[in-house]
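For reference, the structures are reproduced in the following blocks.
Below, chain A partners chain B and then partners chain C, in two separate complexes.
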Partner chain A sequence: MTASSLTLQAEEGVDRTARRAAFLHRGASILLLAVVGAVFAFPILWAAMSSLKSTDDIITGTYPLSWSSFVPLKATLENYVYLFSELNFQRNLLNTLIAACGQVSVAVITSSLAGYAFARLNFPFRDVVFGLLLLTAFVPVEAIIVPLYRIMHWFGLVSTYPALFLPFACNPFGIFLMRQAFRDIPVEMEEAARLDGASPLRIFFSIALPNVRPTLATLVLIQFIWSWNAYLWPLVIMQDPNKQIAQVAIANLKSIPNSPMDGPLFAAATAVTIPLVILSIVLQRYYVRGLVTSGMK
Partner chain B sequence: MAMQKDLKNQGKVSRRAVLAGMAGAALTGAIASRGFVGSASAQGSYKLDLGGYAGPELSSEPVTLRFMRQDFTPDVNALLESAYAEFKAAYPNISIVEEKVPYGDLQKKLLVYIASGDAPDIMMGRTDFTDAYHAGSVALPVQDYLSADYINDIPANLRAAASSGGNLYSVPWETSVMMLYFNRDLFEKVKMQTPPEVTGLDGGWSDEELVANLIEMNAKLKEAGDNQSWALAAAGQGNGGPGANYSQLESIWIRSQGDPNAAKDSAAYKTLMGISDDGFTVSGHIDTPEAIKGMRFYQSLFAKGLTPLGPVPNQYPGGLAATYFGGLNFTNRFRVPGKEPPFKWGVSLPPKGNIVFNGNGSDAPLVWSKSQHPAEAVALLSYLCNDKNRLAFHKTWGSMPSRTSLREQMSVFTTEQPFKMAQALSDASYSVPRSPGYFDYFNAMNPAVKDIALGADPAKVLPDTAAKIDRLLAKYRR
Partner chain C sequence: MAQIDIRDVRKSYGTTAVLHGVSIDIPDGEFVILVGPSGCGKSTLLRMIAGLETVTDGDIQIGSRVVNHVAPKDRDVAMVFQSYALYPHMTVYDNMAFSLQLARIPKADIDTRIRNAAEMLSLTALLQRYPRQLSGGQRQRVAMGRAIVRNPQVFLFDEPLSNLDAKLRVQMRTEIKALHQRLKTTTVYVTHDQIEAMTMADRIVVMHDGIVEQIGTPLDLYDRPVNLFVAGFIGSPAMNFLSGRIAADGSKTFITDDGYKLPLKNIPADGAGRQAIYGIRPEHFVLGGANAVPLTVEVIEPTGSETQVFAKLGDNNVVGVFRERIDVRPGQTISVIPDLDHVHLFDADTGARLVARKEALAA
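So, the complex of A and B:
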């Protein structure tokens, strides 16, 4: 056996060991991610499966836990039929969608404009104002709910769709996110545009915005989820049952004492979760990139 | 309004009377004898049966009344909507705008509305907070709008629960009773005697007997190979599990150790009252030896594995528990053809400490003190509480009526054991400890009860909680 063949064999052995280690590492990673994913997905899947059971089956099958607690043995769509025919839940879903779209729209406009101003424009006390703005992020909505309600009442907006999202038009988190993203754009690009005679607005729309699309997608997704899951403010400001959002309608289903409506409740929870899951999957790529590029991650 | 002034002038005296009146039957007639009656001036001339309303004729101008309440089941909602339609037909100028709020958020939303100065004309409150409604000028005193007969139709202890400072702050809607339900099949399975099915307050199990029977039940279920069923179901009130609802459920264990006939400065009397006469001190009331003893019984239910340590939804209706503490709604629900539980059932008294205790805190609609249309708001509320509407409501919803004449019209209250016992419990029931800060009181008691259930020493937890509540109530002193 020559020295070169020995070297070759040794190298093959090292390669095999490295490949095995890589395979094991990858396998362990996949297994870990699958377990974590299952832990997070389990409650949602359980709710979805329970929505296919009658309320009586849910009551009798939940305790003690067995495999039949999770699987609908007599699958039925009666909860969905009841939800969308008797309870008119599609109206609540539509109201939630209107509120979420409204909030996303105003938040994207105000956050991108303000974020750009804080990132690129020079004006007196810019950093102080930005710092004060960030402070408002630490004030919980519960603490300002009465003044907010009074302002909405003063504007005559109580029980209207705009009241659901207008108070959150100025979003410190969104402004911070966009400011970070605009700061990452090379200044030279804007200077070149300025030398070519572009106005600040033109620079904003033609140079800055196209370069922060992943962050915008992040903002859209986060705002949509926040609005979609909002509960306390819609509960307080919306009095018209025809304009009430899905989350409050779901809470109504849960709160009827001694008359369980578990079947419709799980059906409603499932129906309200599906759009979020779809949106998260569609925007996932942008969402992660946006968080990375904005320095949030 | 002269009568209202008189009542207010009597406030200092009547407040003491109201507090003392928690001794239930001892109060009978006391408030009525002070002239707690309406004018009855226009009664009978209205366009439809406005129940006990005796105020001025309703406005002919356009009026919009806002009503905030919890959501009910669709059949109860339909009843209310049909009642609104009937009211609107009689008074076309009066529109009713209804707002349904999740039950657990009713009081939160009420507080936001009041603080914002833009509250609905009618709001579903609770008699638990009557003193808070009075102290905060939240609710309109309604006695001047109601007839004497109507007010006197409300049993005295329930009237006291809805009154503060000599004023009646809500129109009777329903009241609550807490009874011990049992699963007859499970008792038969382990060959044990079921709890006594009595019609009055005598003959039920004591605390000791309840715990002993549940221990035996637990052991025999396990002997029979039944590892699924529990001796006592997890509480279904509130969010379920221990500490779910001190006002209606867990307070039984403490306050039943008290004695309404003991000297006012005795620990036994203070244990029953749960708070000082002025409504600001609970030390010496919830941490007495009697109270600690009561909570030790409660704790033993968990320590001995007789009931789950956390919430388990629908355990009793699902047939997986031998006993359960529940209201009259269950009796009514179980009697509906097609909705019977999958087992034979029965009902007995809650366990007796020194007395059989029942708390009567319950839903109670009130009229906002700043309503622009007080007469119309009280009239609508009275209309919803007329005999026809109330009987339909109780038949569908299943709760306990809060007027004597309604019970008399429902034959089950004279013929059937669960209803007769419920009536006896209601007649002897007590309001929650009277304080403008009761919201803080029960918010502190619920976690304390949970801690005790999970093993904390009642002799340490109760004094600590009492001191905490005292601090919380201090802010209500003027």
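So, the complex of A and C:
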């Protein structure tokens, strides 16, 4: 064997170990992600599976745990039929959708306008006001629920749709998110638009907004999910059962005395989750990008 | 089209004064270049003309009206930014159409104007592309197209070529110049590249620390810099400066601090015996001859067309540029004399140009 072929072989050896290390690293990452994913997905899948079983099956299958606790051996759609024909659950879903859409539209409008003002306009105490605004993010709804209720009452809005989302129109997280996004737009681009004859409002709509679309998508998704999952406030402010949202309706299923509703409960939980999953998948591309870029200068 | 009058304009940010009284008259149709080192206030002045910065004091007049308090969009100026500042979410066509749509110009007119501009800038094939799909040079052209379609009274450029590679820069230089010759729109152009300034400008404004050092045609500045700053700033390689004094006996001689004698063509009025700075450009040394001074060569850089020699005259660093091919090695000496017609003298204290009697008469 000549010297050169020796070194060649040695190099190949090095190459092979490096490749094996990379392979192992990748394998480990995938495994870890799979485990985490499974932990998160399991309860949802279990609920979805259970929604295809009759209430009796669910109750008897819970103890002791066995194969049939998880897999519907006698799959049935009776829960869904009951849910949508007897309980009129579509009504609640629609209410949730109305609340979520209201929340999203109001939050998008206020967050983008306020975020733009904090990013681009100069006014006295701008940064102080912004700081105070961020502080309100740390006040939980529970802490202000009584005064909030009284204010809604005063406006005569109790048990109306707007009451579900109006109190959360000004959203510190959304404003922060949009402000960061607007700050990342080069100032020169807006100056060019000014010279081109655009008014501030025109610049906002034609130049600034289109360039923060990923962040807007993030905002839409976050607000939608937040509103979709809201429970306490709707429970308090919505006293008209016809306008009640799905989450509260689901909770009510649990509290009917002497009549177990586990089957419809799981069906409702599944029905309420599906739209979120779809929305997340559709917006995922923007969602990740929006969150990642919002931190960078 | 319009002339621009800048009268004693000042600018401060809070207590920091950036421009200390700048006056420039720009006749209609002229191509004026602002040059100066980084931070001297070129962009600030340009942005004040555009209306993007307020005027602290003084007047800026475009055409027949003072525009100090006129909004940018009503000044009828178009600006090309260093970063181009294209709208990333619009096609090339829409980038150019934006201002025209805002001005409510009929669609057909907009289309004609854009096609004409695109033709002029070889952008026709790219009109439906987005900025991210263009090369640096093409983006630069779109930025110019956006300015041209508006047919403004004034073009403003802020270092438009500094993001391009050297070759493209030279090409765009020519194109911008040609464009100006065609459109004859009054233009203010900022750069810190003095070659760009020399090759493109009708007149150059040399700025330094917020004041105007000199305004003149490129050759004016090259031949008759009014002070040491301009003399050192214009020309590449830079002018050589030797400190010393004019001979006291009235002979036309300059004596450097370390005793070398250099010839003068004329002596400035009451110049005899005076402390001064002797300025001579690298290309104005002549090889050999009587009364030559010895340069000790340190580095030689032949470029083919000429040879640059970095050398020492006594304690002073001196650069010479020669058309001839000279055959020396580092450490050897060459004898040179300054070309008498191209010697500059500056006051040792103020740095102001000392006018020779003859020059003063000619002026």
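We adopt the following convention: the second predicted complex is superposed on the first by the 293 of 297 C-alpha atoms of A that agree within 3 Å, B and C clash if a C-alpha of one lies under 4 Å from a C-alpha of the other, contacts with A are read in each partner's own complex, and residues count from 1 in each chain.
Simple rule for what comes next: a residue touches a chain if its C-beta (ideal position, glycine included) is under 8 Å from a C-beta of that chain, and two chains touch if they have at least 3 such contacts.
Quantities reported herein were computed from a predicted structural model and do not represent experimental measurements.
After superposition onto chain A, the modelled positions of chain B and chain C are compatible, with room for both.
By the document's definition of touching, neither partner reaches A:129: not chain B, not chain C. When the two structures are aligned on the shared chain, A:44 is found in touch with neither chain B nor chain C.
Once the two structures are superposed, chain B and chain C can be ranked by residues of chain A touched, with B on top.
Across the overlaid pair of complexes, the angle with its corner at the CA centre of chain A and arms to chain B and chain C is 150°, in steps of 10. By the document's definition of touching, of the two partners only chain B reaches A:235; chain C does not.
Residue contacts after overlaying the shared chain place A:108 against neither chain B nor chain C.
Of the two partner chains, chain B is the only one that A:158 touches; chain C does not reach it. In the overlay built on the shared chain, the residue A:202 is in contact with chain C alone; chain B does not reach it. When the two structures are aligned on the shared chain, A:189 is found in touch with chain C, with no touch to chain B. Shared-chain residue A:211: touches chain C; no touch with chain B.
Once the two complexes are laid over each other on the shared chain, residue contacts for A:169 go to neither chain B nor chain C. Chain B and chain C never share a C-alpha pair closer than 50 Å once the two structures are laid over each other.
Only residues 66, 68, 70-74, 97-105, 109, 112, 115-118, 120, 227-228, 236-237, 312-315, 317-320, 326-327, 329-330, 333, 342, 398 of chain B touch chain A when the two sit together in their complex. Residue ranges on chain A touching chain C, taken from their complex, read 186, 188-189, 191-198, 202, 206-207, 210-211. Chain contact summary for the complex, chain A toward chain B: residues 58-60, 62-64, 86-87, 145-146, 149-150, 153, 158, 235-236, 239-241, 248, 251-262. By the touch criterion stated above, chain C contacts chain A in their complex at residues 50-52, 72-73, 77-79, 81-83, 85-89, 98-99, 102-103, 146, 150.
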